[in-house]
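You will see two complexes here that share chain A, one where it goes with chain B and one where it goes with chain C.
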Partner chain A sequence: MTGLAETADRRGPRFRRREALLLGGVAGAITCGWVSLASTVAGQPSMGDPLLLLAFLGMLGAAHAVLSLAGSRSDEVLLPVAGLLMGLSLLMMVRLPQGLVVQDFGPLELGLAPLQLIWIGVSLTAATVVAVALRSDLWLRSYKYTWAAAGIALLLLVFAFGEETNGARLTLRVGPVAGQPSELLKILLVVFLAGYLADNRALLAGRATRLGPLRLPPLPYLLPMLAMWGIALAIVVVQRDLGAALLFYAVFVVLLWVATQRLGDLAMGVLLFVVGAVVLYAFFPHVRGRVEIWLDPFATAQGAGFQIVRGLYALGRGGVLGTGLGAGLPGVDGHLSIPAVHTDFVFDALAEELGLAGALVILALYVVLAQRGLRIASAARDDFRALLAAGATLVVVVQAAIIVAGDARLIPLTGITLPFVSYGGSSLLANGIVLGLLLSLGDTRLAAPPPPQAIGRRERLRDAAGAVAGRAERVIS
Partner chain B sequence: MDPLGVSLWIIRLAFLAALYGFLYLVLRALWRDLRANLRGVDRPLGRLRVVASPDGTPPEGSVFALDAINTLGRDVNNTVVVDDGFASGRHAVLTFRGRAWYLEDLGSTNGTWLNGERVVSPMLLGWSDEVQVGRVRLRLDRPDLPPATQ
Partner chain C sequence: MSGLPDLPAVGAPPRIAPALLRVALSLIVVYGAIGASLSWWQVVEAERLTSDPGNPLLVAAESEGRRGRIVDARGVVLAESVPVGDGSWTRRYPHPEAEPLLGYVSPDFGSAGLERSFSAELLGLRSLAPGGDLLRKLRRDAYDPQDVQLSLDVRLQRAAVALLRGKRGAIVAIEPASGRILALASTPTFDPNRIVDPATGAAYFADLLDRPAEASALLDRATMGRYTPGSVLKVATAVAGLGSGAITPQTIYPDQPAEERTGFLVQGFRVRDGHHLQTGRRALDLTGAIEVSCNIWFAHAGLDIGGRRFLAWGERMGFGEALPFDVPTAASTLDGGDGFLDDVELANAAYGQSETFVTPLQMALVAAIVADRGTLMRPHVVDELRSADGRVQTIVPEVWRQVLDAGQAETIALAMQQAVEGRLGRRFAGAAKVPGVPTAGKSGTAELGGEREPHAWFIGFAPVEAPRIAVAVIVENGGAGSASAVPMGGELMATWLKLAP
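Let's turn to the complex of A and B:
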């Protein structure tokens, strides 16, 4: 009786109190920032044109309302944290010169900020739809090789038809729509890896093959990993997309380590990375160029190092408390002080105007995302979900770490977006889907995972063959 | 310093303060989750509240925290000691299996009763059902939910 009452109750709408409270905090902070920006630009206390702000807050409220009405039982901190990052993104896009990106929709000509707002809307919609509609993960886990094939096909499409932007071939144009498939590729990769590693965990952790002093997993299970390493190298060589390659490879190594729980795997992944990095440095000038800029950007301050040098100046100008929104230098008189300030260098622009204090808040938000995501992973009901949640978290957080470290000249700069903050439809859409996945995996109402299959694939095939043979015999008799 | 500069400066700092305010709210939420999780470890599965006890041992209104397996009876090594003249030494056992509670009689002299019905074979029971052992009646209560788990 009580059980029935509970299940009936679990389907109904449920007010997500904590999420509402935190979203209130987001609304307050972003409104405050909006007033600060508008006042600085106008030179007098002003609200500016609050249309975009209200639209943004409306979108956040709508996402919250949908999750509440659908009775979602998932994490209530993820959405507000991503929401604040999106809000900071919107503030920065409003502040930057609008001519940076212009797209025509018939008679309507939209600049940077409205476009970014549209993408934020798309991202929030994707997150909510995935969070509410994904009730069973069966189709994700059963078709893992299909996802892998789709990912490789996507990669090949980019290899063949991709357009070059800033020396990296990563934009795919279909009619009027241009996108960066590597952003969607990372989701496919995580789904495939989660399925593959969850299925073959025991086999991968076992050490059957001996290669000199090394003890390796059985060869057939080693191949996909070498393939992964090869794909990462291929992305660097053919696509010249260092950021995506680094992200994919890092997520792969960490997930492998999570699955096998062997520190040796992590060490071997790092070793392979070092080998690959040295080889690439020796043979490919674009990799060498990146490293040289990183080591001494001031040697080519007016040439290749211009972007990094300007980024460092921006960080320095910001100081501890920042110059204030709208008072920084990125694009005062119409032209940009840092190239690609709205995508790769958005962190530097925010750090200039919000200072060290604001930059630390941004980093802390990513740390919170990591904590919530890994918490969902640790509470997951089976290996596949745990690995999927961990992978989805890693893909966002590692990407943020790579680009922030690159912006601050901690590691060589690799062009990649800052999740939820950088301008760009593909990036926002992909990260929205990742957010939705995390929300859905954290939902206690997700259908129970299928029972683990104790017998190996070969035995299962044999059983199936035996059953078919038996049926045939019965038909004959 | 002109009033405009001062007000801009104040708004700017207010924005930073608001960002930190949000961070504080988030961290408070994380901290509460952590506390709730820690408390969940030693949270009992349920509670037995003594509703009626003519002899006064156990006293009326006292509460027993329940584990997965709980024995009831007069012996001192039972989980729930029911020191009643009509109770047997090893009287009944109350277990939590899967997602439900079961009550089983251990061959007691005077029988175990569930909501006034004699327990012959193991019986399923839900929250706020009443168990009678001897003349002592006990009610199965929910474990207290820690505040603000969600």
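Let's turn to the complex of A and C:
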């Protein structure tokens, strides 16, 4: 807390006026939704039990107050956008059958909506704490190989001890706590990539080395690309988690291109993707199954295509203006009309009740998020921060695009959460951290970046993994 | 290559900000594509998805809403919902002779027929009011049940079922100028009231399911039954021949009279015939070949048309894929779906044997093409949807395919009249003659091989000049067409012309 006090002394609290106005709008919209939902359920004008709504609005207000009191000079649109998405999520979780997820806390038994509200609280806390407390990014950029090593260790843990959820090995359980590490992994990935690419940009953007008659890309550039490709393949094969693999690989290729801006890199990335996709399609039935469902879900509407067909029905029922909150059809005869409606298919449920109009607004929210995040990136004071902010933005908006495009049958469906909206603690926590990271990087008071090459031997040596990797780098180049 | 050493150029890398702008633009394109595909499902495809029988919305609506009625062309009720006391409704079917086309809907045994394919309309999932679906959420009643009016006339339907009594078979009657189905019968049939009655449903439905496939009452033979057509297919061959230009009305095959005695040798297979006692040494033209149903002439014609053109013209008439209709249909094929293996298969297909398999509905359409002088109207049995507030949506007859020139169709029509009324034709299809009305038709006897009795077929229409009805009749294992199917076709056409003078 000393950091916070110092900051307050230095600049003092600052009222974030635009954020307050936008949050007011968010509060109004979610309250309207709440009344609409409660009235539909009751059959007459009603407020329902506003406890969860008030708690949610309180959390948003608290996050805003902390940022203001800490004198944050960061972007004032990001929090309201994430807040609106979280509010829509809360409305949907209140509306869905509460028995979908139940957890006992001693004598207290909590259902879907209260649990999601807790996760939203965790997410907002994480965002605020990171935004306020992250005063210097030195430790992020210095220990990039440690982050990479931690990520790979985490991945191996999941490979070895992961539990299956819906046919994918996603969940890691430590005592009573269970989580999906791929959500945390995506943060480690962008931190590492930002550090690695920022350090090696000049080398990577340079010409290819000639090795006898062969024109090869520089090895340090080729190796990480192949490594990322291999990791993505391994995630698909071992974890059967197509969504995470696609997300990691796509973010990697885009960041690599941003760093080098060579079209060849993009082409190479796409080529490797195609090769990987063909190999996976040829040898792994679960990948082939996904593609076949995508091509003709109605052929197996009662079998493998059930989920996506039910999702499409929901989209059709919604039409342009939607059925209205609470008037959709999440369940029939005690069965869910779409399996996993609270996680992978939450977007379809929202699109049913809010219609195409609401669905496009949700898409627009992610586009606004992308715009604000990339703005922070382009205003960043050095390459590391630019790449980190861009990566943080991409892991959120690319993930949203992957799952929504899957729901809308634009691409094969891959199970992955919709950031800030899907039910789930890991997802909300991780995306909260990403939000905090963006807010922190956008804060003009962030400590000035170290001059290039200033990260000295001392930090290198403390970064145990980096010491090894650095030596390898020197040998290769 | 210059003489300079090729060193890696490690200079200042490009600025990042411009690249980020391109990333942002790409993201906008990606999200635009997602928005477009959402619009596709939520606007363009919304109606189809909502009406899809698999949509759980139907189950939900079923439990709380009342279905509309199904009525025939004159308003006679064929299906309606009646209260059963505890606030729920059950379905009543006053005219079971409209089965299996009508179908049934039961909470225990699902749904079939029109009751299934028009569930969305009967339950009123869509509104007939303009913008009604857009504003559904503002209405108190979410559903707007509609009455479905058919083009079917229950009097003609009853006559068709009576003709088929005790036999297995199907009859399709269609109005050629509009494509409206007038009767669509399939026997054996079932009583939907016993399916929906909780007291009898389980035992009755189990009994229906237990029957062997060939005796099934649930199968709609008129739309789903695929039969060898025999000589009625020659009408389709004539359409393909004239349409493609492979034959003309004057085409004769000089070798044909001689081949009547020896058989026409195609790649070692002899096509045979049975009418040379009547035609003798006369080489037949198209009209003569249809009148006496000359296999050899049509085998020649089929070879002249050629496999590819025959299939292409078949497609124009609706062969090769399921017909667009108000209940599911099976696809009819000229080649078994796998192409013509050789000239033997093609020559035999041209007169309705080898791997030709057709539905009675498809053969009724072939008759209707000739009757309507070359135009194929889209067949339909639902004429109108009516909502409780008096709004009406009329299904306007539409041209599905323009198949043939009017003049070419006229040639075939007159040849078919000759087949019913001509000196030689009378012997085969004379029983189809509607007294006092010029009648056209073609009989068929589909050989099945082995010991089985052939299927008896008839297709035809009347009156020849301005046809008001076209029919297809099949009696499974009914023997020679002239014995059973032909008089049935004649009687049905006569009944209709009397009912609707």
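As a convention for this text, the second predicted complex is superposed on the first by the 431 of 477 C-alpha atoms of A that agree within 3 Å, B and C clash if a C-alpha of one lies under 4 Å from a C-alpha of the other, contacts with A are read in each partner's own complex, and residues count from 1 in each chain.
The rule we apply is simple: a residue touches a chain if its C-beta (ideal position, glycine included) is under 8 Å from a C-beta of that chain, and two chains touch if they have at least 3 such contacts.
Just so we're clear, the structure is a prediction, and the values are computed from it rather than from any experiment.
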| item | value |
| --- | --- |
| Partner chain(s) touched by A:S337 [first = chain B, second = chain C, both, neither] | second |
| Which of chain B and chain C A:L374 touches, first, second, both or neither | second |
| First (chain B), second (chain C), both or neither touched by A:C32 | first |
| Which of chain B and chain C A:G324 touches, first, second, both or neither | both |
| Which of chain B and chain C A:L22 touches, first, second, both or neither | first |
| First, second, both or neither for A:G58, with chain B first and chain C second | neither |
| Greater chain A contact set [chain C / chain B] | C |
| Partner chain in contact with A:P80 - chain B first, chain C second, else both or neither | first |
| Partner chain(s) touched by A:Q261 [first = chain B, second = chain C, both, neither] | second |
| Touching partner for A:L410 - first (chain B), second (chain C), both, neither | second |
| Shared chain A contacts, counted only where both chain B and chain C touch the same residue | 321-322, 324, 355, 371 |
| Residue ranges of chain A in contact with chain B within the complex | 1-3, 17-18, 21-22, 25-26, 28-29, 32-33, 35-36, 39-40, 43-45, 73, 76-77, 80-81, 84, 321-322, 324-325, 354-355, 357-358, 361, 364-365, 368, 371, 375 |
| Chain C residues within the chain A interface of the complex | 6, 8-14, 16-17, 19-21, 23-24, 27-28, 30-31, 33-35, 37-43, 45-50, 52, 54-57, 59-60, 63, 133-137, 142 |
| Residues on chain B engaged by chain A in the complex (per definition of touch) | 4, 7-9, 11-16, 18-23, 25-27, 29-30, 33, 99-100, 126-127, 150 |
| Contacting residues of chain A [partner chain C, same complex] | 201-210, 218, 254, 257-261, 301-302, 309-310, 312-313, 315-324, 327, 329, 332-333, 337, 351, 355-356, 359-360, 363, 366-367, 370-371, 374, 377-378, 383, 386-387, 390, 394, 397, 401, 404-405, 408-410 |
